[in-house]
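Let me begin by presenting the structure, written as structure tokens, before commenting on it.
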Amino acid sequence: MEKAKTPLRERIIEGGLLCCGAVSVITTAAILVILLIETAGFFKEVSLMDFFADTQWTPLFSEKHFGIWPLLSGTLLTSAIAIAVALPMGLLAAIYLSEFAAEGVRKTLKPILEVLAGVPTIVYGYFALVYVTPILQKIIPNLSGFNALSPGLIMGIMIIPMVSSLSEDALHAIPATLKEGAFALGADKLGTLFRVTIPSALSGIMASAILAASRAIGETMIVAIAAGQQPRFTFDPRVPIETMTAYIVQISLGDTPTGSIAYKTIFVVGASLFIMTFSMNILSRKLVRRYRRGGS
Amino acid sequence: MSSNEAAKISVRNLNAWFGEKLVIRDIDIEIPEKQATAIIGPSGCGKSTFIRCCNRMHELVPGARVQGSIQLDEESIYDRSIDPVLLRRRIGMVFQKPNPFPSMSIRDNVLSGLKLTKSGRLKEADSIVENALQQAALWDEVKDRLNDPGIGLSGGQQQRLCIARALAVEPEVLLMDEPCSALDPVATARIEDLIHGLKDDYTIVIVTHNMQQAARVSDRTAFFLMGELVEYRGTKRMFTTPKDKRTEDYITGKFG
Amino acid sequence: MKLNTRRGRYTETVFQFLCLLAIALPLVLLVLLLADVISDTHGRLTWDFLTSYPSRKAERAGILPGLVGSIYLISLTAAMALPIGIGAAVYLEEYDKRGKLAALIELNISNLAGVPSIIYGLLGLELFVRIIGLGSSLLAGACTMTLLVLPIMIMSSREALKTIPQSFREGAYALGATRWQTVRQVVLPLALPGILTGAILSISRAIGEAAPLLVVGALAYITFLPSGLDSPFTVLPIQIFNWVSRPNQSFLENAAAGIVVLMAAMLLLNSFAIILRNRLHKRRYW
């Protein structure tokens, strides 16, 4: 028999394919290293105390303040509004798809709902600024032209599909025997839904909400267009604010010399953003794994 | 086995695992050249795993493992120096469900082994196609539509196409893993006829859960049960005077 | 006890209606808003708009550099992301299934898929623009976008590879084909339509991305077409962003017209992907 010489060609190809896969590992490593180095550089010039305790963020002014709270509050505010919209709407949508809709209807509605997530965020930003804010101003008289409310609402609509699709998976994973058990005890459909199905799917629903929140926190263009560029430590949804992402855009639009403190701030803000979204994504995955293990 | 029959494949102390699960244990068996050997046993007894060890397909499953020795013409196929890819060109295989390549024509399916491996024999493509299809008793049915997709044939024809495809590579051994289990009785009969003819040129190992089939096509039969080889004898003797009680119970239909 | 009273029947119907409303409302809203955008273009959407450069006068401004920039950027991104994405998917599905290295790669991919796009912008700014020294060029932008779309592309390619039944691979192996011969000649041709469908969908997402490219330094106002890989550039969404941020009402008309162009481009790509998917389903034999 011909002797084995796992042809060199085969090995080279396998090596090449492995390199393609390794790109993702390198990307992760590069993100971590870059954020870490620039953040370290930033904290050489600014103390941790100033970053976490100061309530002003004015790195471009002559009197510089580097307190993260204004950007953080802006980010949390818009995201909270988005979740307040997306969680109930997405959950109701998920309940409809998994409990009420016929299979055919479900198969048609799901991709249509996904369209909401496919619209470019720049378009949503335009909607928020040009349509939603003026309409809201008629209802809330002292609403500013830039505010947290309008982009928050629009962002909520954008992330509905994210909530609904994960929640639907979670509701779907509840074994039929559990529901039948409730029916057999005389519970009606709604009773079963609210006392058995939803509580059992709770960890999956939470996972969807957390993932959607993480998406809202990282969302950029909607808030950059419609929320304003005024970092202020407030939870008032009517006034202009600035989110972390919008701040990065603001600095990017200007001519910021490499190595300056302003340049470093975008990496510090980026690092904070990364830590927040990363830990939320991990938490969400853990919750999903829990219901997959326990549910089915 | 009588001494004038040369063993084509000889297996010693063969064990195979899926992950932690030992699926065949301590198999010793000699498979004679240019005869048909049937492997029978209830499902899950390890008979498919056994033949997949013979062409080193078992190890392709993630987590699968093999221990022991299998010799082909007195050469150990699990030796470090053996390339499983080259080995598989000497030991052909036909699967349970016909699996002609869906994107290829009948002709290309027959040639697929040569094309995949970029064989120099492609120069004689036409005669190879005719030859292989003749051997697989499919030529007369398809000679006028060689460029039609292979997937358009009936199940039985597809299976014979897969046999032709395996023969085109000119193997010495043909492993058949329940080749008729997805076919109707008529198609099954055709494949069984075919096996009778192929015995003259090839060493055939056929896994089947159908005892009548084993009795019809094979010269020797091995009975597997729960991963072990219970009995291995000439087919006639096996079905008339089984030695082991478990064999007797199985072939008389008491279980399985 | 009476068995014929349909307790809670009424509330159930109301609740079901509420659920349906949660789906319908945002969709209706989206349709209304899009209709508004189209009416807001006030006839700005002309051939001249597509073929003109931006201008300080809103009514003379066009979207050509953004359109061409988007096309260049997306083509470059696809040219880089497609081979790497397919390669990684093939490695994970066909070579190292359940291996330790594969597990590490998979973990990274699922984490990267959740990283906000603007972080990729920071990565691109530091890595491609500064360290590698590409500057704020078309190539730097395309490299950044490649890293951004890779996780989705790998995931969708893997799904496509997963649909190919194991029996075809085994058939090829049993004929003495090597792993690569099997992948290249049996698995990939069967999986390619599925892979391409997923790739087009992820690329069409990338067309709408503005944030990472802003960070990498794509210009918001540009009056020439990119001349090469090292050229400065802009893309449709950034051009739109530039017009939206101006207080002048007539620039908003330009933004609306730009949005229509952007949405039309995405619609075009998506319908292409859907056609491809339908043809794939028709051709599926297993």
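In this document, chain identifiers A, B and C correspond to the written order of the chains, with residue numbering beginning at 1 in each.
Methods note: a contact is a pair of C-beta atoms (placed from the backbone, for glycine too) under 8 Å apart; a residue touches a chain by one contact, two chains touch by 3 or more.
Predicted model, so just to flag it, every value in this text is computed and none were measured.
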Query = Of the chains shown, whose Cα mean is nearest the mean of all protein Cα atoms?
reply = C
Request  = Taking CA centroids for every chain, report which one is farthest away from chain B.
outcome  = A
Request  = Measure off the straight-line distance from the CA centroid of chain A to the CA centroid of chain C, and report it in whole Å.
outcome  = 17
Message = I'd like the Å distance between the centres of chain B and chain C, where a centre is the mean of that chain's Cα atoms.
response = 48
Key: Inter-centroid spacing, chain B versus chain A (mean Cα positions, whole Å)   = 55
Task = Return the residues of chain C touching two or more other chains; collapse runs of consecutive numbers into ranges.
result = 178
Remark   = Residues in chain A with touches to at least two other chains are numbered none
Request  = Quick one: which residues in chain B touch 2 or more of the other chains?
outcome  = 86-87
Ask   = Considering the complex alone, what residue numbers of chain A touch chain C?
value = 7, 9-10, 13-14, 16-25, 27-28, 30-31, 34-35, 38, 88-93, 95-97, 100, 109, 112-113, 115-116, 118-123, 125-127, 129-131, 157, 160, 164, 188-191, 211, 214-215, 217-221, 224-225, 245, 248-249, 252-253, 258, 266-267, 270, 273-274, 277-278, 281-282, 285
Remark   = Residue positions on chain B within touch of chain C in the complex are 55, 57, 60, 62-63, 85-89, 92-93, 95, 97, 99-103, 112-113, 115-118, 151, 162, 165-166, 169
Request  = Using the touch rule from the top, collect the residues of chain C that touch chain A in their complex.
outcome  = 7-8, 11-12, 15-16, 18-23, 25-27, 29-30, 33, 36-37, 40, 83-88, 90-92, 95-96, 101-102, 104-105, 108-112, 114-119, 121-123, 125-127, 130, 147, 150-151, 154, 178-180, 204-205, 207-211, 214-215, 217, 220, 237, 240-241, 244-245, 252, 255-256, 259, 262-263, 266, 270
Note = In the complex, chain C touches chain B at residues 97-98, 165, 167-168, 170-178, 181-182, 185-186, 189-190, 285-286
